[in-house]
Amino acid sequence: MKSADEMFLWNCWYAAAWDHEIGVGQKLARTYLEKPVLIYRGESGNYVALDDRCCHRAAPLSMGRVEGDCIRCMYHGMKYDADGVCIEIPGQEHIGSTHRVRRYPLVEKGHLLWIWMGDPDLANPDDILDYEPLSDERWTGLPEQAYMHYDANWMLIVDNLADFSHLAFVHTNTLGGSEEYAYVSTAQEVDQLERGFRFVRWHKDSAPPPYHQKVSPEGGARVDRRNDVRMLVPGVFFMETTFAPVGWDPDSGDFNGVRQYRNCQYMTPETRSTSHFFWNYLRDFRHDEPEVSISLRDSLLEGFMEDKVLIEAQQKLLEIEDPFQPRFLQADAAFSHFRQTMQKLINEERKSWPPASKPIRNQIL
Amino acid sequence: MKSADEMFLWNCWYAAAWDHEIGVGQKLARTYLEKPVLIYRGESGNYVALDDRCCHRAAPLSMGRVEGDCIRCMYHGMKYDADGVCIEIPGQEHIGSTHRVRRYPLVEKGHLLWIWMGDPDLANPDDILDYEPLSDERWTGLPEQAYMHYDANWMLIVDNLADFSHLAFVHTNTLGGSEEYAYVSTAQEVDQLERGFRFVRWHKDSAPPPYHQKVSPEGGARVDRRNDVRMLVPGVFFMETTFAPVGWDPDSGDFNGVRQYRNCQYMTPETRSTSHFFWNYLRDFRHDEPEVSISLRDSLLEGFMEDKVLIEAQQKLLEIEDPFQPRFLQADAAFSHFRQTMQKLINEERKSWPPASKPIRNQIL
Amino acid sequence: MKSADEMFLWNCWYAAAWDHEIGVGQKLARTYLEKPVLIYRGESGNYVALDDRCCHRAAPLSMGRVEGDCIRCMYHGMKYDADGVCIEIPGQEHIGSTHRVRRYPLVEKGHLLWIWMGDPDLANPDDILDYEPLSDERWTGLPEQAYMHYDANWMLIVDNLADFSHLAFVHTNTLGGSEEYAYVSTAQEVDQLERGFRFVRWHKDSAPPPYHQKVSPEGGARVDRRNDVRMLVPGVFFMETTFAPVGWDPDSGDFNGVRQYRNCQYMTPETRSTSHFFWNYLRDFRHDEPEVSISLRDSLLEGFMEDKVLIEAQQKLLEIEDPFQPRFLQADAAFSHFRQTMQKLINEERKSWPPASKPIRNQIL
């Protein structure tokens, strides 16, 4: 079995949590890349991410107490500052230089908290893949930023999003609209990006899918539908969706009768076989109508559950001992490029980091 | 740990399902010998068994849709015929010769579906161990062909059936009737067959066991009981049970006051630690009385649950790290021969099949 | 991974059960040091501990039947005497010398049953760490001797008990009384014993902790509190707790206004990751008031559940692949000595016992 070191790309930003998940003085225990992490928000409002194991005996700091911007382990009372440095040991004067826990760079940007699990010296917040619509008043999102947990490797979710023909069969009556979609929608041309891919997929002169129909009943029986998709390392998905009158020219500048969505999805490995999944779905119409947000939330959730059931079944079938050799389709160009890109980055990273060293023997158990 | 290749005998027919489990247009996902299998029944009425993993991304075909005699994967819409050959890829013209899934030989015979997990070229339906009473009007069975799932290796169930002295202690008040049975019933002589064993065990001048007493109250307070048992590779059990007036001569041709049962049990490995168990219990009397079928079903089920609890506990005790060295009894002659026979067949099979090859690396996870 | 042989100290007495857990004719199935054991009490009143696996096919003897001082396996009826020797095989005359199961030395002493999992020739009941207050009328205990099951390695419970500063943070409102305790209670001096440690910890002129306050409300708002603690191989904990008027001199012989407790706790490995935990808490006051016993039971249970939640979380964090290197505190002197002592004893034991031998291959599964 691969070690966690080999499984994941370490030196990049991962979506860790929505900001609303952690209020001032609150804590969240969450695992990323098979490492247990405590995230808390100090009284100053700052977010902090630390190894969730007290350096003394591995007691969970997430069972500890937020004190100002510090966290106190509630086993023997060791207190750590926001850098993970121990600043108090009850009953002991001396504090050693190794009395500390690992701090992970954590940045709040556009309502998401982003964590860097690799070499902290390489962490540059400018590299965060911020999605502007999340912070832009012209776009109205779901009632709440959404989270799902997957019992599947995150790359299976990436695969899912890399080939939209699955809309026809998995989401026929929800997000897709028809099986026809897989056959007749304009063949996609995949742009191979340095750290991902992009494609545009048209479905012209077609019935709008149920999720859109419900919130846009006056949009007509036939529409042109355009999905403009980007997937970026390590698992960040952005999509622009446009429903327009049949025959619409996107270069015309005429947005009369056009309705648009902006969708972001973030796949972050929890372990090699489980994932965090964050998402929102924003629109440029009917802004002040909460029932539209609710309808879209329910439609998307219904559709995403269709994916989840299938992907988790896929995970189980890939975990059994009987080896499986995949056969490729033309539509796999996007995710094949993405997987190759990821593997190349992982290989490069492994050359220099983490440094070759014998694993530390667990000295407690 | 042994690989699945070494654990099981591959080139033989296994009981896979009762025919009533899969109606026309229906599907069943079931694992045999640690391999996931889809069984479905096409609109022509034919049964088909395929690898349950779509060749593209291992999505379960059992979540797919039966179309005529074909199955369509409901992930990206690939359609397979009854041979497992892909005949349609939505949005793609070309279909490669490797776009197929493994088909397993599957034959319906005597209300059972039989599957062949090994080399398909060696599969000969004439080798199926059909049990005639299942298709013979002179015998009336349970209200429904029965199935149980065991959290135990199938050979532990075989062991159980190879020594009837367990009737005395496990089934005292159900199928056995008395502890005396273990002490006084005629010592069995075991016929060592090429692919199994046979023995006859008499219990003369004894009280009939409760399960028979309930449906045959007029049979007398004392009976001669005769069990004629066969066990055959890989785990097929047939038993003829006769209750006759005390002193009855089986060669007399006189069946006055004699009542008989026919019992079949099929043990099929799901994994090395779980099993499928199919069975029926047929009688030659009170044919048109459904309450007799129900009484026998309930009695047998009660008895088989007594076995199941014990055998599953045995499985747990054999799985722990502490090694166990069994001590043999004289009564073990039957199952010792059976286990040796199985091991010899597995060893022979391993010489030529499957061909030595490096396992295919799982290219997805 | 370490084998069970390397994990545990074998040649010592372990607390196995309270005597009230097994009445005459009753049975208990319990695992110690990863070995399944049946304990039963024969009709003579004697307790017997045997390997829980019938020597024939590993059926659980704990599903068997107590007959006099013997146990009968209820699979094929083999009967074992209290030495684990098979004395009857139904239907078979000859009984071989290997038709036996392992007997483990088991001794009842002071309401506890003690088991010896190692070389029976070395088992000397005089080595049992009997706790006199359990059998002494001057001490009144809980309504019933108490048991808890831990999903954690037993040494994590030992660690917990080796540093009382955790009372301040884990048990602030139950057994501890204040966080101050960790800062101001007299620094402990640890006596390194040959097979354990001892320390005395004073907390002078302090508010009595809630558990004591509830049953001793007239004891005053401030007290001197003294804990005298011993921990002994393999995981036996004895504590004398004294609450006295502020300024009390323990050498004065004056016990006016003084109230004392006696506490025993026994940690016995079930497996490397789960433990048995036995305990009682006795007092020298208000003997005939059952509500005091109940109050103390509830308080202690509340406190021990605080430990259990934390220790089980610690276990999970120590089981993940990410290696953990503990950082030591001054207060770790006690458990560091204890762990070194245990490791030394295990190393010594491994030199001569068990004899180097290839593990017996499991011949059933």
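Labels for the chains are A, B and C, by order of writing; each one numbers its residues from 1.
Everything that follows uses one rule, which is that contacts are C-beta pairs under 8 Å (C-beta built on N, C-alpha and C of every residue); 3 or more make two chains touch, one makes a residue touch a chain.
Because the structure is a prediction, the values reported are computed rather than measured.
Visitor: For the sequence-identical pair chain B and chain C, what is the superposition rotation angle on Cα atoms, to the nearest 5 degrees?
Guide: It is a rotation of 120 degrees, to the nearest 5.
Visitor: Copies chain A, chain C: same or different interface, half of numbers shared as the threshold?
Guide: At the contact between chain A and chain C, which are copies of one sequence, the residues are largely different (under half shared).
Visitor: Once you find the CA centre of chain A and the CA centre of chain C, what distance in Å lies between them?
Guide: About 47 Å, centre to centre.
Visitor: By residue number and range, which residues of chain A touch two or more other chains?
Guide: Expected reply: no residues.
Visitor: In their complex, what parts of chain C are in touch with chain B?
Guide: Where chain C meets chain B, its residues are 3-4, 34-36, 52-53, 55-60, 63, 72-77, 89-92, 94, 96, 98-99, 359-365.
Visitor: Report the residues of chain A in contact with chain B in the complex, numbered from low to high.
Guide: Residue list for chain A touching chain B: 153, 155-156, 159, 163, 165-166, 168-170, 179, 182-183, 185, 187, 272-273, 309-310, 313-315, 317-332.
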